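So that we are looking at the same thing, I have put the structure below in structure tokens.
Note that the chains take the letters A, B, C and D in the order they are written out, and that residue 1 is the start of every chain.
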Amino acid sequence: MSILTLLIFSPILFGLVILLLPTEWRNIFKHINLLATLVQLGIAVWLYINFKTGALFAGINHQGQYQFVEKLHWIGLNLGGTNRLQIDYFVGVDGISIMMLLMSSVVMVVAAISSWEINKNHKGYFALFLLLDVAITGVFCSLDFFMFYIFYELMLLPLYFLIGIWGGVRREYAAIKFFLYTLFGSVFMLLVMVGLYFSVRDPQTGNHTFNMICMMNPANYDKGSIFGILSNATLLGYPARVVGFIVLFVAFAIKVPVVPLHTWLPDAHVEAPTPVSIILAGVLLKVGGYGIIRVCFSIFPDIATSGAFWIGLLGVISILYGALNALAQRDLKRLIAYSSVSHMGFVLLGIASQTAEGMSGAMMQMVSHGFLSAMLFYLVGVIYNRVHNRDIYSFRGLGTLMPKYTVFVMVAFFASLGLPGFSAFIAEAFSLIGAFNSQAINGLLPNWMAVCGSVGILLSAAYFLWTLQRMFFGETQLKGGQIWELALTDLGKRELITLVPLALLAFALGVMPSLVFDKVNDSVLALIQFIQLK
Amino acid sequence: MITLTDFLFISAGLFCTGIFIVLSKRNAIQILIGIELIINAAILNLVAFGKYDKLNNAGQSFALFAIVLAAAAVSVALAIILNVYRQYKTIDPNKVERLKG
Amino acid sequence: METALSYTDPLIIQLAIAVVLLPFAAFLINFLLISKTSKVSGWISSLAILLSFILSAIVFFKVWDKPHDIHVQQVWFAIGNVKVQIGLWLNNLSVLMLLLVPAVALPVHIYSIAYMAGDAKYTRYFTYLSFFCFAMLALVVMDNMLLMYAFWELVGFASYLLIGFWFTRDKAVQANKKAFIMNRIGDIALLVGILMLYAHYHTFDMVKLFAGDNALANAQGVDKAWLTIPGICFLCGAIAKSAQFPLHTWLPDAMEGPTSVSALIHAATMVAAGIFLLGRVYPAFNADVLTVIAVIGCFTAFMAATIALTQNDLKRILAYSTISQLGFMMLAMGVGAYSSALFHLATHAFFKCLLFLSAGVIIHEMQHLKQKHQLNIDPQNILYMGGLRKLMPVTFITCSIAALALIGLPLTSGYLSKDGILIQAFEWAEGKGWLYSIIPIGAMLTSLLTAFYVARLMFKVFFGESRLKEFNPDIVPEAHDGSLLYQIPMMMLAACCLFPLFSFNPFFYEQAWLFKGFIASSYLERMNLYHTVVPVAVNLLIVPVIYLAYATYIKRDAHWFKQQGVLFRFSYNQWYIDSFYNKVIVKLVLLLSNLTYWLDKNVIDGLIGILANIGILLGKIAAWVDEYVIDGILHVITGIVKQGGNFVRGFQTGRVQGYLVTMLLVILVLYVLKTFI
Amino acid sequence: MNIEHILFYVMGFIAVASALVVAASKNLVRSLFMFFVTLFALAGLYVFALADFVAITQIVIYVGGVLVLMLFAFMLSGKEVLNNLQQRNSRFISLSKVPAILVALLFAIVLYNAITKAQPNDLPWIKASAQSGNVIKPADNTINNIGVNLMTRYLLPFEAVSVLLMMTLIGAAHLARKEEHKII
């Protein structure tokens, strides 16, 4: 059994333990849960340390260059003649997925710690939590499209229940909205996946295959198949590959989320319990970005290039639109949710630029946003747990009342608005560099996009600072009066233990971006080269 | 000369009467009598046609078998009827609906 | 990555790094170890800055006027095929700043020990201050534009923290938000400029880009537009940081911070970073951009000076004065008086810092008076002051020196630097048409206005009788010069405001060592008439102006300004620029944001809602069809089957005779069928 | 029309008529006795069909065996049974009998139709055997021949029937025995 398999499925073991334990022991469930995520984090760190870099380990479209690979035949059905249904259990990591794995396992630990507040139906909650953990890890490791899809769908189920059962007042609405949105995306993805399957043959076995890496090589496409590069097939009057790309892109864009497919996000975030918000913002959104890189761009590089302008445009719109919306919010969690939309726009912009700087910046932004949004949502959770209110205008002058809390809020806010020294600065700067570079290198994105993107940084400063001013500064004045003042105690030890590592991580990545860039660089270069070959 | 047709008519009459008895009676023993009548109608036919088989005597031989078998059937049937009566206190077949005692 | 220009000396490098890192160490110690109100923190920070000062002096003397820049680099991280370097670039400009910052910061630190003594967040204050010093020092030595930008933002961040130091005051919080956001506007422009340069030249290295003759910026055959546009972006960055029109409004508001902070950050160092930036990237500007710089500088200088004429808040006057002086520096940069600009930067740092520190002492005393007599006055309002000359002699003397320097009277440092700017502005305008001569004339006018408002300030504060008696005749105003901790730094600075520090010749700026340090200037010789005429004319004009102020405010026999006139109100309301921003731009942005939110809620979500409703409608239709059509058919079928079953069940009576009847009937039917059909 | 015919028709009439009486009778004992008559009449008809041995067997087994068995059966069962076995409230024509009558009449019609259509006298094999002399004459002694045939040609059915007889004997005896215990 390879280390990746262990990484993916170890939470299941813990989940089983939780399921088997009697309900009376519910108090130790959270400890088991935390242990599970810590074990996973340990494995992820081990992977990160042992991950080899260099052009020979770039991954992307070379099967041999992936690391920690495990490939087993999983489903193989003889369909008569030469046709054989070939679905492999195929996992492996390259520079792009290793960072996602590490980031997601850190976020999961944070989410596990913040699950301390869960107060009903412990068994179900933690079982679903661990199932979600499995699915997320699986998505980042799978190299077989079928497996990818299964894990991708598997994420939906626990999330739906986690929001729908443990959520806020309008939880059912939010859960349904979330579910429908994402399901809408993934259902069409299934069609494209099947189309790809019937277009691609594994050169070794001659069978149709779901192997994503085989899908990346145009030589593996059957002549005249629907997604074949030379076959010029059409779907609905458009070239089939364009349609396929758009469908996959929409599926992932919903996850990212890209304006105008983003409205599930604020609702889901607002209604979800804190740990789920953390996972949603910290990891789920990255699945979208990761999917765009791993699936959309790698399988349809030709379309990615011709459609880069539109992708970049969507990115810019997301940046500005999300930021403006955040400016209009009264609910702190909603504000942060919209800020996520804005920040993820940088990912899209960076990816669309198809330059090494832009791609790396996008990767960095995903990692950085993973930590920062986890931190932000955790902080909102802190205050919400205390007084069950998140309205910005309900609070004033928290700085005097909760000094430590305010320090962390400031760290998180300033890190998010791109203060140098924190990861988001490097990430956003390099996404924008990519966008600027694009004009000179491949001419995909016009300069004004990058300029508009930078305006997004300005707006993010505006809404974060305004919030700081409204909530934390000034004389202390609370809607709930004396009762709230007593309830709003400063951060406890457990909360500090969660927040300090996150803040340090954000800081470390800001000072030593090489922690990410070194691992990512080869893959990014390979990806750029791969895309340019088309 | 007594023709075959005469025999057949008589046997047909008996047969129809037997059917009538079987269908209409509410008494198991009477139904049994009806069945016997039908059997006898059949035996009459066998015997009548047996006249034209002197060598093998097929008609008469099988008439004999039939008589013997009918007797055996009657004895079994009677035993069953008595048992049924013991169980249900009736021998009306229409009222015997439960199969399990 | 060594260029031909570079020349390394490990000792200097280490010293320079130490200069930068010492305040950072103080920051860390204060942040992590020292308790909230411990007095130790002040001494730690001061010690750090003192050491920094000493080391920077060593570095300064080793590097100043050497033919080689010092440039060392190390790989920070690699991205794509590009290696991003981290490094130092020490040349005259940066070592000057490197010396200037601790030189100004040291007195401010000492002053702060006394000034902040009673504050509940004493340690926090010094933490921030050390952090600022670190960021500022790092900013001036960085060779890498990305890092420079990083520290550029960090000084802004430190300024944000310090302006909002008393964060329970609403005004302070609004001011720091405003400062940060307005600075951010410039920062974005700066970032865009940096990124454009990177996109074009694939390096962040300023040495490669701008230093020497073989710099990329001077390379032939490159589209100069790729230099001009980033140049304009840099200019925008500098405008925001140095509080030039139209992004100047944050600086007066920033006076909400502690006065010592205003002295260090918002008068001497951080705001000068904009000028420093222009100096660093000077080759990026072509003649047109330089003209724009000059125009902006001149306009800002003039505008701020007119506003300063009518303000009553002591610190606000100084803030507008700072804006005005920064405008002068911009102007100097624009007209090519590179060295004069930096010269003025240095001299201005000292005298403006001193002015602020004096103001701090005065406000401190006024605050005491206010509390003592329970007066409802603004301690910063100069209208309530007066007569402090005799009560606070040390403050008066030091403040006067600074004021004279600001006015630019001979024997002060201000005279040297300011006249340089004026003269060179005239030289620049010569032969370019009358339109260009507006700039030197405007500058001259501004220096006269400066003389007026400084005189007004001095007269109102120090001369005459205390206005407090107008409230209550019984008040005996008491005020003292502060303790030695106040006095020593002020005296140190006062000494720096005099000419000997910069030139042994008090009248000719050309002889100042600082001026000569920048070879970029080509105006080394006293070539023409301007060098004599302009200083004489200016100083001759200044005397009546001061007298006018004296007549207006002390003798009160001149009534030149109608207090209610249009011009007065225009000036008093700061040209309505701030109100314009608040009422138009902020409103516009908020409106836009509400619009997008409305869009989000109603259009996008509405669309989704409509889709959902359509879905539900379809669902309902489907349900109806299901219930009545499909189920209906099914019901009919089942009904038929049921009826059939019921019908057939009739046969299943359990009556043996009934079966028999059926059986026989079937036989009959079969027979009949067989026979007759 | 000779005496033979007359006797035949008389016999036939008795058989059918007594059968009808059996059908019509409400009284079980009466119908049983009328069934005697039918069986006797049938035995006579067998004689007319030149099957003396069958006729004898008919009388011996049916009349002497079966009927006696029947009578014994319910006479031995006691009075209560006897009363219960009496058919109650049965009219000859009642609504419940209509299907029975209908079916019987239909069968009568069908049989009549079949017999007349088939014309058994003109069947090929009957004609063939009449020509080849394979017809029993009134003077023939058939018993000998039957005995030989039973022991040779029909030995297997004979043995099977005998086994069957024994099984029914045992079975009937088992079924008819008085229950000692109630069957659970």
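Methods note: a contact is a pair of C-beta atoms (placed from the backbone, for glycine too) under 8 Å apart; a residue touches a chain by one contact, two chains touch by 3 or more.
This structure is a prediction, so every number in the text was calculated from the model and none was measured.
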| item | value |
| --- | --- |
| Of B-D and C-D, whichever chain pair has more C-beta contact pairs | B-D |
| Chain ID, smallest distance between chain and overall C-alpha centroids | A |
| Relative to subunit B, chain with the most remote C-alpha centre | C |
| Separation of mean Cα positions, subunit D and subunit B [Å, integer] | 6 |
| Whole-Å separation of chain centres (CA-atom averages), subunit C against subunit D | 128 |
| Separation of mean Cα positions, subunit C and subunit A [Å, integer] | 34 |
| CA centroid of subunit B to CA centroid of subunit C, Å | 122 |
| Where subunit C touches two or more other chains at once, by residue number | 657, 661, 664 |
| Sequence positions of subunit B contacting 2 or more other chains | 19, 22-24 |
| All pairs of touching chains, each written as two labels joined by a dash | A-C, B-C, B-D, C-D |
| Residues of subunit C defined as touching subunit A within the complex | 76-82, 146, 149-151, 153-154, 157, 164, 167-170, 172-174, 177, 180-181, 184-185, 188, 191-192, 195-196, 198-200, 589-590, 592-597, 600, 604-605, 608, 612 |
| Subunit C residues touching subunit B - in the complex, by the definition given at the top | 653-658, 660-661, 664 |
| Subunit B-facing residues of subunit D, complex | 4-5, 8-9, 12, 15-16, 19-20, 22-23, 28, 31-32, 35, 38-39, 42, 45-46, 48-51, 53-54, 57-58, 61-62, 65-66, 69-70, 73-74, 77, 81, 84-85, 87, 90, 96-97, 99-101, 103-105, 107-108, 111-112, 115-116, 119-121, 125-126, 129-130, 133-136, 140, 142, 145-146, 149-150, 153-154, 157-158, 161, 164-165, 168-169, 171-176, 179, 183 |
| In the complex, subunit C residues that touch subunit D | 657, 661, 664-665, 668, 671-672, 675 |
| Contact set on subunit A toward subunit C in their complex | 177, 180, 259-260, 262-263, 321, 324-329, 355-357, 360, 397, 399-400, 414, 419-421, 425, 429-430, 432-433, 436-437, 439-440, 447, 450-451, 454-455, 457-458, 461-462, 465-466, 468-469, 472-476, 512-514, 517-518, 521, 524-525, 528 |
